[in-house]
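In what comes next, chain A is part of two complexes: it sits with chain B in the first one and with chain C in the second one.
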Partner chain A sequence: MKVLRRIALYGALTLAALTFIYPFLWMASATFKPLTEVGTIALFPDNPTLDNYRTMWARAPFGRALLNSIMVAGTITLSVLVFGSITAYAMARLRFRGRPLLNAVTMGVLLVPGQLTLIPMYTLIVQAGLIDSYAALILPYLFNATAILMMRQFFLQIPQSLIDSARMDGMGEMRILFSIFWPLSKPVLSIVAIFTFMGSWNEVLWPLLVVREQQLMTLPQLLTVFSLGGGAGSIGVSLASAMVLVIPVVIAYAVLQRHFIESMASSGVKG
Partner chain B sequence: MRAEARSGSLMVAPYAVFLLVFAAYPIVFALVLVFLQWDLVTTPAFAGMDNVRLLANDGRFWRAVVNTFVFLSIHLPLQIATALALALALNRPLAFRSFWRAAFFLPVVISGAVVAILWSNLYATDVGLINGLLVRMGLNPVPWLTDPNTAMPAIAAMVTWKNVGFYVIIYLAGLQYIPRSCREAIEIEGATTWQRFRHLTLPMLLPQTILVVTLSTINGFQLFIEPYVMTGGGPLRRTYSIVLYLYTNAFAYQKMGYAATIGVALALIIGTVVFVQRRVIGKAEAL
Partner chain C sequence: MPSIHFEQVTKRFGTTTVVEDFNLDVADGELLVLVGGSGSGKTTILRMLAGLEEVTEGTIRIDQRDVTSLAPRDRNVAMVFQDYGLYPHMTVRENLSLGLRLRKVAKTEIDRRVAWAGDMLRLEPLLDRKPKQLSGGQQQRVAMGRAMVREPLAFLFDEPLSNLDAALRAQMRIEIGGLQRRLGTTTVYVTHDQVEAMTLGDRIVVLADGLIQQIGKPIELYRSPVNRFVAGFVGTPPMNFVEGHVTAENGEAAFMAEGIQVALLPSEVSRGLITLGIRPEDMDVELGDQADSSASKGFPGSVVLVERLGGTSHIHFDSGPHRLLAAVSNERLPEVGENITVRLKGERIHLFDGERRVTS
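Moving on to the complex of A and B:
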């Protein structure tokens, strides 16, 4: 009886896991199938081909989009970590006028749905002449309220004696932050880094609004425009272009799986 | 002390400027835009209550609101049930627990655009994987995304699939907090597995359930890339979402005032629905 229940449990888990993994395996295999085979369930194509990848690469600037995505997500992540931690440090450990207000406003910002500010942000970017620029993709994400609050919470727990003795040694606040707080804060910094990078890597609505020039598009946008605009022409080609977006994420996820789950679960970021 | 205050103010100054430009200004200007007519080319014109009146009588907007409620009525129960079931399975002593968890979480890390493109192929009527399986089992293929009655349920099922791993983690965290002594006590009383679930596990997980309901409701109101990629809002506008309508007004029709009005209305609807849900679930708990 007990053995039967164990078998049923593992059977159900395997079935569930297949439901989540199989579509991605099917997708990967479909990109190597010629048009005549795409509809089949088989994971291994009878006549494997690289044509889908060649077509995709030739028809739209996916290499460029990959670089754009890395550049945009990388800059945003760096800014959220560096400038965000400077802000969080001051909010956690320094007394200055307006600090309670800043804390309250930062928490309030989290309650505002993005759709409320979407159009005013868009008109702002248009009026600033920033349509079709990296600045349009990066500027609105330079700071992140969730990240600041998480880092602030972590910084609050670091003993004051460390700050006091560093000040005795004549260290400035910036040096205290980067040479004492940062090494102690690796857990929270890695959580912030992962969810910030992933949020930016997967973002598609904002780029669709502010970028029209193909050369400036990030991967999710180019993929969407390419697949919808009929540029792909076939399932295999459209899925092959999706692979450019998926492969780096899956590799990173396989290596840093535990950190990914912890990071994305704690921030509420869902691709 | 003076020095501390000075460095403090200096260190938060960039963030304060950012908040003014990218939070305070857009919130205020969203409310201003409600009363304007503006195509981004000519000067904005004062429109009084025109946008609000238009919205109140705009069948397309209300169609999108109804669609969202259809989506939620399928998505919420499905999301809670699947997340809870998988979390309960994972909460047992298991081999390869981190593998199972990672498998369920995989779609969460994949871009919504990719998932939408992948699933429009899985759902495809002639060459789709799902219909391929149905035909193998001797059933008729279903035109998932082209039949007005199945399109939104199909999208709701897909979104549930994409996000379930995220909610499994939330429920798993909640299950850790159920004290052993409670479980033992209820077992000594001779409760069946179902009774234990109904009278111990489920009530103890109420905070997590509220979180799951709130987050997936907010998420549901923000539905965009799925209909944009998979159906274009069709068939018969049955999958048209509020954000898709907002995007179309801004991007295709250049109606900034009206698009902003939709945004403000959406924020109000989300706030109201989440508030009501919390009251209702809170009352259910008291019973």
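Moving on to the complex of A and C:
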């Protein structure tokens, strides 16, 4: 009985997992199919080919866009982690005048929808003369209120005696943050990292507003321009470019998955 | 020459005064215990000494040097925390050596000191483990080792045994005492547990509401508590208190309360409302109602509960409206409901006028 129940359970779970994974696998396999085969739902191409990727690479600077995306998303993620955790540490563990106000303001920022700040932000970037530059892509995202609050929440749970010990041992506040708090905060740091990286990686609207030069375009932006502008020509090529977009995120997730799930479970944050 | 010196130290959090006008000298090599209930200010005093809490007013000196506004790392003191404060992501060895590495002590010297502390605290087999893999007692020893390797001017202990079970606590108490005597390092030890205070301290400071109640050797606090608070705080089971008044007739003084009458020496007379304090172990219990009770400082009681602890037993009894406790080592114990006669041993009674002691 027990075995049967187990088999039924695993069967059901496998089925559920397949419904999630199948479209992705289909897309992956379709990129290796010639145009004549793309319409079928089969997972394995009869005549596998790399033509879709060759075409894509030849028609637009995807290599460059990939590097741009890595650079932009990487810089933003690093900055959100470093500056965000410094802010979060101060908000969680240091006593200073105006701390409650800072907490309230940070919380308040969450209430403002991103779309609302789009136009003022655009105006600022234009006035600063930063249109068509990496700075335009990166600057607005260097700080992130959600990340600060998540890290602050986590930092609040670290025992005060660790800070006290570290101060007695001779550490300064920065050192306490990076050599005591960081190693103990891997779950929250990885979830912040992956959310920030994915958010930045998938961002299309903002790059479309501030960057027009192809050499500076990020991957999703170039992809959008490429596919919607008819540059792809065929669905296989469109899917191939989508694959290039997705793979880094999948890799990042696979690497950080353990912390990611841990953090989801412990912080109750829903993705 | 005092090793640690507090001069008129006051600490306020906002408008709340936690410690007021605190003055204390700790002698070189002394083990001084700060004891008090929660909110007594004992931990705040220790944290001010460590530099983890700012001093609102006053001066703290360590080894003649004014450290009042120095950072913790510049004070040359080491602290052991209640929950140990070990870095969970580092091995025992790394935990022990971190403070030395940050102070740029030479590697060979670090190794020597870690080996020395490891040997003294029986930590060698554990040096490459993480704190999570250690028992509570072992973590406690690592925390002590971390303080020792620094070779500081003073050790500060903040309720180091509170997280241990009773048996281990008794064992670690002995270890800490032994270690401190061997090293001879000046130590300030904070606890809420008066047994720890009595057994460990060269001297004890009893605190309540941020004020010093009494400073003295353990036996002085026990024998001659200066006020009712100290009398009730020091000693287990705690001292019995009876409210009453003192009368003097024909040169004979007596303490009178409902159901209790105790003859006093003439010198003890201080008329008016008085509180009588009697330690449970300063009472003898005789079975049966003895008629001559008033003549020899005896009074009757009725037993309500007997706790047998093996060597000694606690007899809870009522005398008039007063519920009292006697700790005795009788062979024959009274039964619940039985009448007894209680006699006071020698001159060991304590009289308090309001809060303050009036005689010894």
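To be clear about the criterion, the second predicted complex is superposed on the first by the 229 of 271 C-alpha atoms of A that agree within 3 Å, B and C clash if a C-alpha of one lies under 4 Å from a C-alpha of the other, contacts with A are read in each partner's own complex, and residues count from 1 in each chain.
The definition used in the following text is that a residue touches a chain if its C-beta (ideal position, glycine included) is under 8 Å from a C-beta of that chain, and two chains touch if they have at least 3 such contacts.
Everything quoted here is computed from the prediction, not taken from an experiment.
With the C-alpha superposition on chain A as described, chain C and chain B fit side by side in the combined arrangement. With chain A as vertex, the superposed Cα centres of chain B and chain C define an angle of 100 degrees, given in steps of 10.
Using the contact criterion defined above for the overlaid structures, shared-chain residue A:F155 touches neither chain B nor chain C, since it reaches no partner.
Residue contacts after overlaying the shared chain place A:D164 against chain C, while chain B stays out of touching range. Once the two complexes are laid over each other on the shared chain, residue contacts for A:F181 go to neither chain B nor chain C. With both complexes superposed, B is the one of chain B and chain C in contact with more chain A residues.
Of the two partner chains placed by the overlay, only chain B lies in contact with A:M27; chain C stays clear of it.
In the superposition on chain A, contact of A:R97 is made with chain B only, not with chain C.
Using the contact criterion defined above for the overlaid structures, shared-chain residue A:V38 touches chain B, although it does not reach chain C.
In this overlay, which is a superposition and not a single complex, chain B and chain C have their closest Cα atoms 5 Å apart. Residues 159, 161-162, 164-171, 180, 183-184 of chain A are the ones touching chain C in the complex. The residues of chain B lying in touch with chain A in their complex are 1, 4-9, 11-12, 14-16, 18-19, 21-23, 25-27, 29-30, 33, 38, 40, 86, 89, 92, 94, 98-115, 117-119, 121-122, 124, 126-129, 132-133, 136, 161-163, 165-166, 169-170, 215, 218-219, 221-222, 224-225, 228-229, 242-243, 246-247, 250-251, 256, 259-260, 263-264, 266-267, 270. If you check the complex, the residues on chain A that touch chain B are 9, 12-13, 16-17, 19-21, 23-24, 26-27, 30, 38-41, 83-84, 86-87, 89-91, 94-99, 102, 105-106, 109, 112-124, 126, 139-140, 142-143, 148, 172-173, 198, 201-202, 204-205, 208-209, 219-221, 223-224, 227-228, 235, 238-239, 242, 245-246, 249-250, 253, 257-258, 260-261, 264-265, 268, 270-271.
By the touch criterion given at the top, residues 47, 50-52, 71-73, 77-79, 81-89, 98-99, 102-103, 146 of chain C touch chain A in their complex.
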